[in-house]
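Here is the structure we will look at.
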Amino acid sequence: MKLVELAARLEVEFSGDPEATVERVSEFERSEPGAVTMAVGARRGRLDSARASVFIVESTGVTEEERHTYNLLLARNPKATFAKAIHLLHVGCQAGGGIAPDFIIGEGIELGDEVTIHPRVTVGRNCRIGRRAVLHPGVVLGNDVAIGDDTVLFPNVTLYEGVTVGQRCILHAGVVVGADGFGFAQENGHHVKIPQIGTVIIEDDVEIGANSTVDRATLDVTRIARGTKIDNLVHIAHNCRIGEDVVIAAQAGLSGGVTVGRRVAIAGQVGVNPQVEIGEHAVITGQAGVTKSVAPNDVYAGTPITRLRDWKRERIVAAQMPARLPQIEARLAALERALALLSEEEPE
Amino acid sequence: MKLVELAARLEVEFSGDPEATVERVSEFERSEPGAVTMAVGARRGRLDSARASVFIVESTGVTEEERHTYNLLLARNPKATFAKAIHLLHVGCQAGGGIAPDFIIGEGIELGDEVTIHPRVTVGRNCRIGRRAVLHPGVVLGNDVAIGDDTVLFPNVTLYEGVTVGQRCILHAGVVVGADGFGFAQENGHHVKIPQIGTVIIEDDVEIGANSTVDRATLDVTRIARGTKIDNLVHIAHNCRIGEDVVIAAQAGLSGGVTVGRRVAIAGQVGVNPQVEIGEHAVITGQAGVTKSVAPNDVYAGTPITRLRDWKRERIVAAQMPARLPQIEARLAALERALALLSEEEPE
Amino acid sequence: MKLVELAARLEVEFSGDPEATVERVSEFERSEPGAVTMAVGARRGRLDSARASVFIVESTGVTEEERHTYNLLLARNPKATFAKAIHLLHVGCQAGGGIAPDFIIGEGIELGDEVTIHPRVTVGRNCRIGRRAVLHPGVVLGNDVAIGDDTVLFPNVTLYEGVTVGQRCILHAGVVVGADGFGFAQENGHHVKIPQIGTVIIEDDVEIGANSTVDRATLDVTRIARGTKIDNLVHIAHNCRIGEDVVIAAQAGLSGGVTVGRRVAIAGQVGVNPQVEIGEHAVITGQAGVTKSVAPNDVYAGTPITRLRDWKRERIVAAQMPARLPQIEARLAALERALALLSEEEPE
């Protein structure tokens, strides 16, 4: 692709030779002619050390000399532009298309145009599969499942009965959506299963990482809103409501009935207690235990959960205690001895 | 189903119109005619705000007016009765029944009456599958696996060779039972695999959540006793012995050789050290690290593990330290200054 | 099926009796009349020792005598032709060694000698599968995957496009290798996917536990070096580099770009921050949060990470604080009172 076309498709300006040819994306350090790479931070100062044909740089502060020496894509957000360049140059060639001859389906299925269904896919009754959706080998859909246009289900994904997945979603291998919520009543010392007859709705543009699990609601809906991104091995329990554009990192776990506001960021291995509410734009740092609801727009850490700045202060003091405590007690003892001495000296 | 029949099948008394018809279960707030719902707590006082045909209420303290105005199911344990009502009205209709034509089996298999085997199921040699068992698509059984009556294996469950699962168990999608325990010997700086030739026995009425893993024992048996319920993404290592009616929440992990007493409750993301013993009826709170054996009948928290009340006290003090410590040191300094002053003033 | 028809359907030339009948595929050593088998390598020189009616051989170097003595299918890629023959001739049930009749493969596959491919296995284009490798039911390989000799993939393992696995590796059921790394750029408050076009290389003698996940690198390689052993439900993010002979216990999680030195031991439920480096022979104890890089040859604990001996000291003091702090404050108050008394008594 020529630089002029690449710039147009990435919707950024460029400088340099419009006819320069770009065939692939590469890392800065290993770039070769024919590649486009990104140069931000310290790398911006040493464009001459890389062999790429085109550099994505921040649009501000470009010198006249840089404009004359290099082919540049001038981006307001170089990282996002780089991501789009990868999309443009590398993605989209994997699926052969078409429907495998061994496709096993129930009655009443609706298949959109241009779906790709790999071998070993099993689909229950009354499912709807949107246009250009891709179902990889081993995917299993229960009855009454709906999948939106352009959604990709990687191998061995299981969607239980009645689950709905929106458009442009990506569910990685081994994801399970719609298994029973973990709910039991107590009776005579035994756990009696509370049947889970709700469902799961995953809205558009959601990505879920490998082997993550999203449970169906007891009676109602477990919902993951538009644009939310979930990493590997994450657990979302029954009746959770995850807002838009949330990020949840690997191995985090949300208990039943948790509400997560839009644009919240939850780091790896975080645990969240049942029924807790996490306010919009809040950030929960790694391994924290969200033991109670937290307000929007702040950063939290620790178990029990507290504001990050308080947690840091507490951690610093705690680390100092083995040294500071004996000092305090020594000073106390010295004072006590001195005072005892003084009292003895007192003219009685 | 008529109210009189519903009450009989739920084994509770009722009041109101025996001919009232119930077709489904619903949430209190959204209930419609034809539904049965549960009214406990604050909802009990506002039965008139719901449109359900029948209410499950606690059997004590029902007024004469309530008896005349509403159709009631009078339960000693409303939650358990509600759970049974869901079972009765909603579950059991999903599978078409029968054995898929592409069922791949080894020699010597025994199939119980009325088993349902979905497409894409693979079963090794000498397996026994109990009556009315359901094997969903993608299930794989190694050789010599036994599954009890009425047990359900959801899609893509894998049972390794020799594993035994009891009656009325539910294994959700992606569960793996019987993979090798994680055991290695050291030799010349390398890890030499210790072959894991034991097995796993899962007793009756056990439920295991999506993508959880239970490893086979090194030589003996990893055992999960009757009635135990395990959530998603839980790890049970080799040679663990889990007692009856235990509950283990999502993402908890048990190291090798752990013993868990009956009716223990382990919360989410708890980790348990190798060979530790958790006494009967103990409760381990979320994210705790069970670094040593703990006594029965108490509640534990933190890493290293401690009694919950001690952990709470410790956490409160730790949170106060950033404020209290400077105060203490200021008071010490003031005392030291005052004492120095006094000493100077002393008539020497 | 007659030889002439078989050759046509396999799209290869043949020599011998066009009317020769072939009913099934069999292994070379056990072949009987009516079977087609493959003769490559050492077997090519001893066609007379087998009883098959038809042999699939490489099309080059066929002697005039061979042409006259045997019925031959002359294949450019005998293994691929053999695989297609299995597909063509076998419908229905089979298990045990050899290659299952329902093996679904893309073009250009290379199969080593004595591979075992169970039913329900799906393999993409241009894959290489080493000698004596075993692929259990439900295994899915994307395009361009390479698997070394003697490697075992247990049921429902998924290897995404382009992944490489070395020799003598064991990947337990449900393992996912090569799913997209969790990388997003921010744009107008939304998360824009950064395509992950790198890959994963797993070297020789690696074992990975059930349902663990290893993500592909963004542009480069996620690498797990020789001899490393990984337990169940472990998460290895994009661009991690794990050294040789490392041990990682269950439910540990490594963020993006983590470097782990050789012979490191990481205990269960440990979390590691992005870009952190763990020095050789370091030991990280259970549930620790490796918040920054740590030096070789030491033992670490806690979140934030610290040396084990410091962490222990800190934990001991923290546990004592609820008792020691009130004592300190009582002694302070006593001193303050005593001093006040002394000051009052002072002759002013």
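A, B and C are the chain letters, set down in written order, and residue numbers restart from 1 in every chain.
Throughout what follows, a residue touches a chain if its C-beta (ideal position, glycine included) is under 8 Å from a C-beta of that chain, and two chains touch if they have at least 3 such contacts.
Every value quoted in this text rests on a predicted model; they were computed, and no experiment measured them.
Of all residue numbers seen at the chain A-chain B contact, under half occur in both copies; the interface is built from largely non-matching residues. Using mean Cα coordinates as chain centres, the one most removed from chain C is B.
Averaged C-alpha coordinates put the centre of chain A at 26 Å from the centre of chain B. Between the Cα centres of chain A and chain C there is a gap of 22 Å. Across the assembly, chain B contributes 102, 120, 138, 156, 174, 211, 233, 251, 269, 287, 318, 321, 328, 332, 335, 339, 342 as residues in contact with two or more other chains.
Interface residues of chain C facing chain B in the complex, by the touch rule stated above, are 93-96, 100, 102, 118-120, 136-138, 154-156, 170, 172-174, 205, 207, 209-211, 227, 229, 231-233, 245, 247, 249-251, 263, 268-269, 286-287, 315, 318-319, 321-322, 325, 328-329, 332, 335-336, 339, 342-343, 346. Contacts from chain B toward chain C in the complex involve residues 102-106, 120, 122, 124-125, 138, 140, 156, 158, 160, 174, 176, 179-180, 182, 184, 189-191, 193, 211, 213, 215, 233, 235, 237, 251, 253, 255, 269, 271, 273, 287, 289, 291, 303-304, 306, 310, 313-314, 316-318, 321, 324, 328, 331-332, 335, 338-339, 342, 345.
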